[in-house]
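I have a structure here, written as structure tokens, and I will follow up with some questions on it.
Which chain is which? They are A, B, C and D, in the order written, and residues in each are numbered from 1.
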Amino acid sequence: MSRLLDRNREIGAFVPQQDDDLIICRCEEITKGEIRRAVHEGMWTLTEVKRFLRAGMGLCQGQTCGRLVKGIVAKELGVRPSELEDTTARCPTRPVEMQVFGNEVHGHE
Amino acid sequence: MRIQKHPILDRIQKGRQVTFSLDGKPMQGYEGEPIAAALLAAGVRVHRYTTKARQPRGIFCAIGRCTDCVMVVDGKPNVRTCVTPLKEGMRVQTQVGISAKKESDDHETI
Amino acid sequence: MSKNGEVIIIGGGVIGCAAAYYLAKQGVSVLVLEERMIGHGGSSRNGGGVRQSARDVRELPIAMYGIKNLWPTLSEELGVDVEYHQDGNLRLAKTEKHIDILQNLVDNSRKSGLEVTMISGGQARELCPYMSEEVIAASWCPTDGHANPMLTTLAYYRKARMMGVHFITGEKVVKLKKAKGRIRKVLTQSGNVYEADTVILAAGFPSRAIANTVGIDIPMFKELNECLVTEMQPPMFWQMLGTAEADFYGHQTKHGSFVFGGSSGMEYYYRNQADFAHETSITPASVCRGIMKYFPALSGAKIIRNWAGWIDVCADRVPVIGRVEEVPGLILACGFSGHGFGIAPAVGQILMEIVLEKPVCVDISPLKYDRFHAKA
Amino acid sequence: MKRYELIVIGAGPAGLSAAVEAANAGMSVAVFDENARPGGQLFKQIHKFFGSKEHQAKIRGFRIGQQLLKQAEESGVEVHLNSVVMGIFDLGEITVQHGDGVCHYKGDSILIATGACENMVPFDGWTLPGVMGAGAAQTMMNLHGVQPGSRVLMVGSGNVGLVVSFQLLQAGVEVAAVIDAAPQIGGYGVHAAKLARIGVPFYLSHTIVKAEGTDHVTGAVIAQVDESFRPIAGTEKHLDVDTVCIAVGLSPMSQLARMAGCEMTEKGGAVPVVDEYGQTSIPGLFVAGDVGGIEEASSAMIGGRIAGAAAARRSGYLPEEEFREKASALKASLGQLHEGMFSPKNKGRRDLTVTDEGYLLSKTLLHHGYLSEEEVAGFPGAAPGKSAGIHPVIECTQNIPCNPCQDACRFGCIRVGDHMTALPAVAENARCVGCGMCVASCPGQAIFLVNDEEEAGTATVTLPYEFLPVPEKGAKGVALGRDGRVVCPAEVVEAKTAGFMDGTVLLTMRVPLEMSMKARFFKTGEGTK
């Protein structure tokens, strides 16, 4: 079950920070500032941030930046990272070519 | 640089030496080792330039997870070079965005 | 008596968020209650089609209205690029049977005033050179297109929130209650009670159980829908694609990745009916095979993600939209049957018009909740 | 569809151990791993493991990997390599990509043992080629025999940062510094001491501010941090490096558990909730190793065996009583590894000031990576007067789970006791014959043999040496102190090794008498520091 979130809760205004231009999502080249700003625009779950910015939506599917994004969003919301629900883990765990994905063979031997 | 002799591992076992190309230039490596290892041994650190900011990227996780080290291999973009074994005659190209670096971009290419 | 806004919207999907936005624009105070998160359900899990072709004639006017009046300026209006592309829709045929299906759809659509035509395989390949020779004909609707459903939903939410709409997520509605003959209370699993004079129920399949609590039923079931997304590809084509049998559909996104949806034919028998929509082990492979037959050039594209969601399928495969006469104050907007995204902006506006008792922009009477009857 | 009684995902220490346990109980077992080689991280671990004999202490990680593979083969486990488990589905089904196709398999039980991945920390320039995970560097040098760079800055002083730094040195790579934002070294003191005595500087309460370079790393800037871990202006320091390694912790790779719908909890990352045998909220779905919470390979192997046994019980191959007996023995063994100041329950604690025995912990060790001479003398392994003539000096001052030194001395000079984490003590009047077995057996390389030759005014110090080239007898050079500084001239009098030492050389150097408790490393040539 999702945590109850009143999206009207005051989290303060967006204040620019010195390292806002740091790349956080290396695949989609999304910066810390973009993530922080998205939170202030109402993206309060990791999934919303991802869908809004594409952070974690690239080739590695958030396997590198997931933890970092979580930390930034949590800090912006003033909650513990563990309070944030991870984005959904989906198949495939690694990129797979369409012609391989569609080639269902039976048994290893 | 390759480790010639290691105090614990002695000589690290390798496959046969093969030739492949990077952006058209011939390179040497060992069959079966990750493409990334062969490139690193040859001092090549830049694998690609990113789509948006055209920033250089190279080996980062080396276990096939982060996808930062992808290159165009035999014409296919986004190939994870840290987990793709090297083969004789492989055509490896620096990736720019999702395409191969144009040969004309490379002044060293003859 | 306490009150939490003039209108409570149950469901923070694209319909709920769009309605909230258009209501807020009219100065109405709105509270949106969402069980999970914004755009959790079908709103973020669809192929992104913004099309009129192959629509049931009962909902076609809504689609046409939205494409004519709302979609073209939506990004500007909401301040977020929702990646709307109006580059046409090709619905593909590989067999004579397919051609018959498409011809029938084209004929019906044209009667409703939609500019859609049948074209040959060759003409289709001129529009989209990547298409294989297996395509022998297609329907072509140049005013159709696609948009990014995740961004569209979040853009409506973002703007509505900026305009003062109150959103509460993680709040699962379990019961509606009437008072003095009208809808009044909304009760949630967490024990909270919200009150309003008007309640819009736009919660996808769970709408059925919620409506049941005031004695209203909507004949619908939930069906698993699966999509897959590829790694970024070079720009190839911008049309929205579909097939005569609707077994696969998709488009290339602004980002460059392709999003394709499709079915394995086993959806009806999917045994796992848990709330969480898990992708199956068989459908994505089947969809991949389908895509490669139509677009061989994509066979080397890597799939980076599959996803699944529930479709709220109505008995006659068109949504229920409108007031419930038996429960004054209750407005339904559910049962979109897998094609709600493209009409969401228009439905949002329509819901605003219903709430404010304004003239509704198109005739929605064929979509009323009590239209269902057993066969004679 | 092909069905196994147990499917194991991940051929690392946990997965292989589970597979062997289950197969030995009679189950049909298949292991799938995405890598070209099995063993997970074991084959990158070229250092000797801690623990006791039953935990395969003093054996190098890759050898343990070789043993596990042999066991897997003997027990009939099918190990499928280059096989990516793409997804996990309802009713115990997985899809596996292998070559140019995808296979479906079902398991009566499934064990997820996908391990962990490295955490990362963003800083200016962190996307430049040359910035990489410490594990990435380890993979390149220890698996593929390629140096990750020529001069490295290590960010993070946990065990991974320390161990990989040492391995970089072994691979012929320079280590410019080890830094950590925390005010003290996170990993084992003995690992830090190995680096410090070679001259690797530690900068605690320091962070990396920037990796410099346009196309790849050409330098790095570090700076001291305040209590909120923010860099303090004016404390910047430039380092000439071409590589920056990040070792700031690991996170469980639990995507498959989440995909399966396991109930999750937080334990250094999302991990599935498990029962005492590693079974998740989904009956028949187990996890073992780092994917269930970060520990180390020895614990992962025991955890794997417990889960493997539980799967065997579930399928009726292990009677309840036999299972309980086995599980409780394994858990006792795991419990031994979980004792002491570095136990999982003490993770991240920085307030410990004394050992379990009440000895004051060395502050210089925690802050600079080495023990001061005065501090060494206060510990039971090195107290003055413990032994005359040749005798071991054990510079092991933290409660780590390890006791091979106790078994190494056949004269019983060294005692750890029943609790593996107790500090080793050298007995009074110990009869030391100078065999050096203790020096060779210590995974922390923390034991030295000291022989004060009073008449000659010299002393010999025997130290463990794992570098190339090995200095030959008669080689002249300098002795380095615990802090890596030159303390005196030194001459090699013996360099001996044996097969069982597995690459460790016992290097004996002659130093002036008064330097016997100062000289701890040998460097060929004239050191001029």
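Just so we're on the same page, a contact is a pair of C-beta atoms (placed from the backbone, for glycine too) under 8 Å apart; a residue touches a chain by one contact, two chains touch by 3 or more.
Being a predicted model, the structure only gives us computed values, none of them experimental.
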Can you name the chain whose C-alpha mean lies closest to the mean of all the C-alpha atoms? A
Going by the touch criterion at the top, tell me which pair is linked by more C-beta contacts: A-D or A-B. A-D
Here the gap between subunit A and subunit D, centre to centre from mean Cα coordinates and rounded to Å, is 32
Rounded to the nearest whole Å, what is the centre-to-centre distance of subunit A and subunit B, using the mean of the C-alpha atoms as each centre? 29
Just the number, please: Cα centre separation of subunit C and subunit D in whole Å. 53
Can you compute the centre-to-centre distance for subunit B and subunit C, using the mean CA position of each chain? Integer Å is fine. 44
Spell out, as numbers or ranges, the residues of subunit A touching 2 or more other chains. 23, 26, 58-59, 63-64, 88, 90-92, 94-96, 99, 101, 103-104
Provide the list of subunit C residues touching at least two other chains, using ranges where the numbers run on. 231-232, 279, 281, 285, 300, 302, 306
Subunit B residues counted as touching two or more neighbouring chains: 50-51, 55, 57, 60-61, 64-65, 68, 78
So with touch defined the way it is at the top, what topology do the chains form here? Options are line, ring, star, complete, other. complete
Residues of subunit D defined as touching subunit C within the complex: 87, 89-90, 93, 95, 102, 104, 259, 261
Within their complex, state which residues of subunit D touch subunit B. 34-36, 46, 60, 62, 117-118, 127-133, 135-137, 139-148, 150, 170-172, 214-216, 253, 466-468, 470, 502-503
Contacts from subunit D onto subunit A in the complex sit at residues 1-2, 34, 78, 80, 83-89, 95, 97-104, 117, 119-120, 122-124, 126-127, 251, 253-256, 258-259, 264, 266, 269-270
Subunit A residues within the subunit B interface of the complex: 23, 26-27, 29, 58-60, 63-64, 94-95
Going by the contact rule at the top, pick out the subunit B residues touching subunit A in the complex. 50-53, 55, 57, 60-61, 64-68, 70, 78, 80
